[in-house]
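Below: a set of structures, written as structure tokens.
Common to both upcoming complexes is subunit A, partnered first by subunit B, then by subunit C.
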Partner chain A sequence: MQWFDALVQGVLLGGMYAQYALGMALMFGVMKIVNVSHGDLVILLSLVGISLASSFGLGPFTVMVALVPLALALGWILQKAILNKVVGEDPLPSLIATFGLSLALQNLMLQIWSANSRSLPGGGIESRSIEIGGIYIGLLPVIVLVFAIGLTWGLDLMLKRTRFGRALRAAAADVEAAAMTGIDARKVYASATAIAVGILGFAAVFQSLRSTVAPADGGAQLIYAFEAVIIGGMGSIWGAFAGSMVLGITQAIGFRIDPGFGVLAGHLVFLLVLATRPQGLFGKV
Partner chain B sequence: MSGAILSTHGLIARYGDFQALYGIDFEIDAGEAVALIGANGAGKSTFLRALMGLLPVAAGMVRMEGTPIGGTATDRMVQMGVAIVPEGRRLFAGMSVEDNLRVAMDQAERLGRKGGWSLQRLHDLFPILKEKARTPVQSLSGGQQQMVSIGRALLCQPKLLLCDEISLGLAPKVIREIYAALPEVRAQGTSIILVEQDVGLAKQASDRLYCLLEGRVTLTGPSAEVTRDAISQAYFGGSHAVV
Partner chain C sequence: MTAFPRGSAPPRVQVHRQTSSGRIALVLFALAVIGLVAMPWWAKTGTIRMILELCCYIAVAQMWNMLAGYAGLVSVGQQAFMGAAGYALFVLAQTFGINPFLAIFLSLLAPAVLAVPCYLLLHRLDGPYFAIGTWVVAEVFRLAASNLGWLNAGAGMSLSVMKDYSAFERNVAMSLLCALMILVTIGGSYWFLRSRYGLALIAMRDNPVAAASQGVDVKRLRFMIYVAAAVGCGLVGSVYFMAQLRINPPSAFDPMWSNIAIFIVMVGGIASIEGVLIGALIYFIADRWFGEYGASYFVVLGLMTVLVALSARSGIWGMISKRWDAPWFPIRRHLTLTKETP
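Presenting the complex of A and B:
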């Protein structure tokens, strides 16, 4: 029973990781940008959300309604102001730019919020659970998983069925050929990053509900997003979701083996996938 | 002001330090088909890339209906009514035939370009594209891929269509099928610049031709009137001839 419990808890944890990973997979898939500031953006949005909640007495889902449009705008500005100037065939300039942004964001957050840990009050939702067949399932992790599935499904549908999605896929396949059909790649890129960071608006609320956040925490979120995307296959939306599940389940099983082994187990699976199937479990060669 | 739909004036293009075009003067009228012939490396594809905004050139070197447009971004060129069937087809791998075509339709709609081309009309021109609508483009034969590439360009509703080596690597039967579609494109009032290595095909499908050699025009004239000898001399070297 304890292994089945670990599996369930792993899937639920994977829901959180999927919300980190989706945006990273989208940015890599469309622009070949590995956004090193991804985790810092989650933390920045979390801290903004916590400040909004405490300043205006907002509940977590009202914070989400405010935070997601803010995150969309932040992503759009980030692409327009910085990333459009460094995006191209060579991934190094964008890697350096987002690394610099990561450092700047951490210092900015320290300046505004200090190094203290904070969390978003959830009105009890964060500690509520239900028992099914001897397994306790947290209400918040279930909501997180439902949102993760909804976001993945919605993103996939958007990519396949909408004009914007087709333009994104075309630009991802061949940016010069996309321009030959009238696509303005810079605009498409700005919208893609807006969506990628917009998804982090959801992740930020859930992250600050389930645990405390502090300005220096971005690195861990980045690593989990990166590992999930690599395990699933760079640039694949459902691959990122599946990679998140694999990472979550591996960590949950690792925690059952030894409480100190969970995170390491995730890293080991990540390294194993990199060594044996570098294109990821669901990526194409 | 010239009456040409598009003209170039001393067009120069470079790849870094390497100069590929040396002062090309060219023009094409509305509804006209003009062929560009020449050996490999003559600068034919470079010329099309320079027109399409894929290479940096000075504004005044390319004019569209008299307006300087040289160096305009490629997506803006599409908005102004220029579309290209690029060398190597450049289809969106991983996407179906229909999605490749819809990308162009979406953008034409977004950019407010209106014209006579629709998915239905394209299916009438190339029936195989309807049959293969859901097939990923990378699974198609070379000829079918070329049809998608032509269709994608036509759905941009162009006034001027640039075709870069559309017969390259295709079987003679497929080439005939593709070239048979060009009169219908012209019937829409669309002008065509045709880069072609097969001189016979180029002459047959065009009103006038230009021959390039090492980035310079070595022959211009009505396609029906240029002689085999004149082409041969212009193709492999000799003084500039106007027939």
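Presenting the complex of A and C:
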């Protein structure tokens, strides 16, 4: 029973990780860019959300309504101002640029919000739970998981069915060929980054409801998102979701074995997947 | 290519590599190394500590430069090997009672041995994913060190055996180790780049696929550089933590070293030894002057890194060498015609 409980908690934790991983899978799949400031953006949005909530007395879902458009705009600006200038065959410039951005963002947040941990008041939602067959399940983690499934489903559908999704996939496959059919790659990229960061708007609200956030936490979020994408298999949206589940479950079971072992267990499973199935669980060879 | 008429003797050519600017720089380099060795006789303990820090910046940055600038392996996790060697030194000297100055060299086995499985795993990730993968490895090292009882877990270790040596003896050792660090990383890289491996490396830097088609064993060369850089960073880690006398997981595997190395190399100028020296000096001076501003100082460093990546990818040395062709560490080969024989 104890292990079944760990499994359930792991799936719920995976829901949180999926919200970080989706944006990363989208950006890498389309532009081959790894945004090193991915985690710092989550923290930035969280801190902005917390400040909004405390100064205007907003509830968590009102904050979300304000934060997601802000995140979309942030992503758009990020692509237009920085990433469009460094995207290309050589991965070094984009890596260095986002690395520098991460360093600047982290310290800027430290300057504005200090190093203290903060969280978003949820009005009681964060402590409510349901009992099913002897296992207590938090209401908030279930909402997080439902949102994660919804976002994954929506993103996958958008890539497969819409005109914009087709343009995105075409630009990802071959920029020049896509350009010949009238697709403006830079516009497509800007929208892709806007969506990737927009999803982080949801993640930011849930992260700051579930636990606390501090300016230095971004690195860990980046690593979890990255591990989920690699475990699941690059270039697959549902793969990133599955990878998040694997990571969440591993960490939850690891924490049960020893509190110091949880995060390490996640890293070890990542290395194990890398050693035995480098294309990821759902990746194509 | 067929500028010479058939039948005539092939022209006599000579390969020149050294330039007059290079000769001057080499003399200055030798003087600097001698100056480092002689530090106990001209510098106070505080000054030696400061110069040791500068030497650590130069050495780590040069190792990152070899990885990212030449081998195309962008790592943000070299602190893994610094911490591993640092811990190895503390275990050998403190737990097993081996002479610490012997232990420093033995401790280099740790990064060398650990780098092999790390590379075998990480080389499966390409480009940007390799970089984050190296970070995960550094995190694994940090978490492992925090959980291992014989490394005293999260509390860390002290190097109290250093009390057996007088302050002067320690200063002599630190000065010799500074000189060694610079000789091995800067001198070693220069020697390597001038050797036939260097030729292969430069070909690889320009285009790995074309280099492979010319018979360069790209995979083997990358592996060699990765292990060598791990050992180089390990040496810095051992020396740095010997001077600190204390080690614990967050300081041993501090990602700040990657930030510093990337800043130094990118701002100074990637794929050049001169750039590393310029960048390290800028970082060192900026750290002395603006370090007290803490967070806002790092905001500026971060923004400068972004700006360099956006608009000046070859850094300061790139701008200088465009204007004046006077390399300090010339590695280009010049072909000159000598007088034709009758």
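Assume the second predicted complex is superposed on the first by the 285 of 285 C-alpha atoms of A that agree within 3 Å, B and C clash if a C-alpha of one lies under 4 Å from a C-alpha of the other, contacts with A are read in each partner's own complex, and residues count from 1 in each chain.
Following the convention adopted for this analysis, a contact is a pair of C-beta atoms (placed from the backbone, for glycine too) under 8 Å apart; a residue touches a chain by one contact, two chains touch by 3 or more.
Bear in mind that the values here come from a model prediction, so they are computed numbers and not experimental data.
K.L.:
In the superposed arrangement, which partner chain does A:V68 touch: subunit B (first), subunit C (second), both, or neither?
P.N.:
neither
K.L.:
So, does A:F226 touch the first partner subunit B, the second partner subunit C, both, or neither?
P.N.:
A:F226 contacts subunit C only, not subunit B.
K.L.:
Thinking of the overlay built on chain A, is A:T181 touched by subunit B (first), by subunit C (second), by both, or by neither?
P.N.:
first
K.L.:
Have a look at where A:A167 lands relative to subunit B and subunit C in the superposition and call it first, second, both or neither.
P.N.:
first
K.L.:
Who touches more of subunit A, subunit B or subunit C?
P.N.:
C
K.L.:
Classify the contacts of A:V269 with the two partner chains as first (subunit B alone), second (subunit C alone), both, or neither.
P.N.:
Neither: A:V269 stays clear of subunit B and subunit C.
K.L.:
Touch test for A:L22: subunit B only (first), subunit C only (second), both, or neither?
P.N.:
A:L22: touches no partner chain.
K.L.:
Mind working out whether A:V34 is in touch with subunit B, subunit C, both or neither, as first, second, both or neither?
P.N.:
After superposing on A, A:V34 lies in contact with subunit C but is clear of subunit B.
K.L.:
What does subunit B use to touch subunit A in their complex?
P.N.:
52, 54, 73-75, 78-79, 83-84, 86, 90-95, 99-100, 102-104, 106-111, 113, 152-153, 156
K.L.:
For subunit C, which residues count as touching subunit A in their complex?
P.N.:
68, 72, 74, 76, 121-122, 124-125, 127-129, 131-133, 135-137, 139-140, 143-144, 146-147, 255, 259, 262-263, 266, 294-311, 313
K.L.:
Which positions of subunit A touch subunit B when the two form their complex?
P.N.:
Where subunit A meets subunit B, its residues are 163, 166-167, 169-170, 173-174, 176-185.
K.L.:
Considering only the defined contacts, which subunit A positions touch subunit C in the complex?
P.N.:
28, 32-34, 36, 82, 85-86, 91-97, 99-108, 110-111, 219, 222-223, 226-227, 230, 234, 258, 260-261, 263-264, 267-268, 270-271, 274-275, 278
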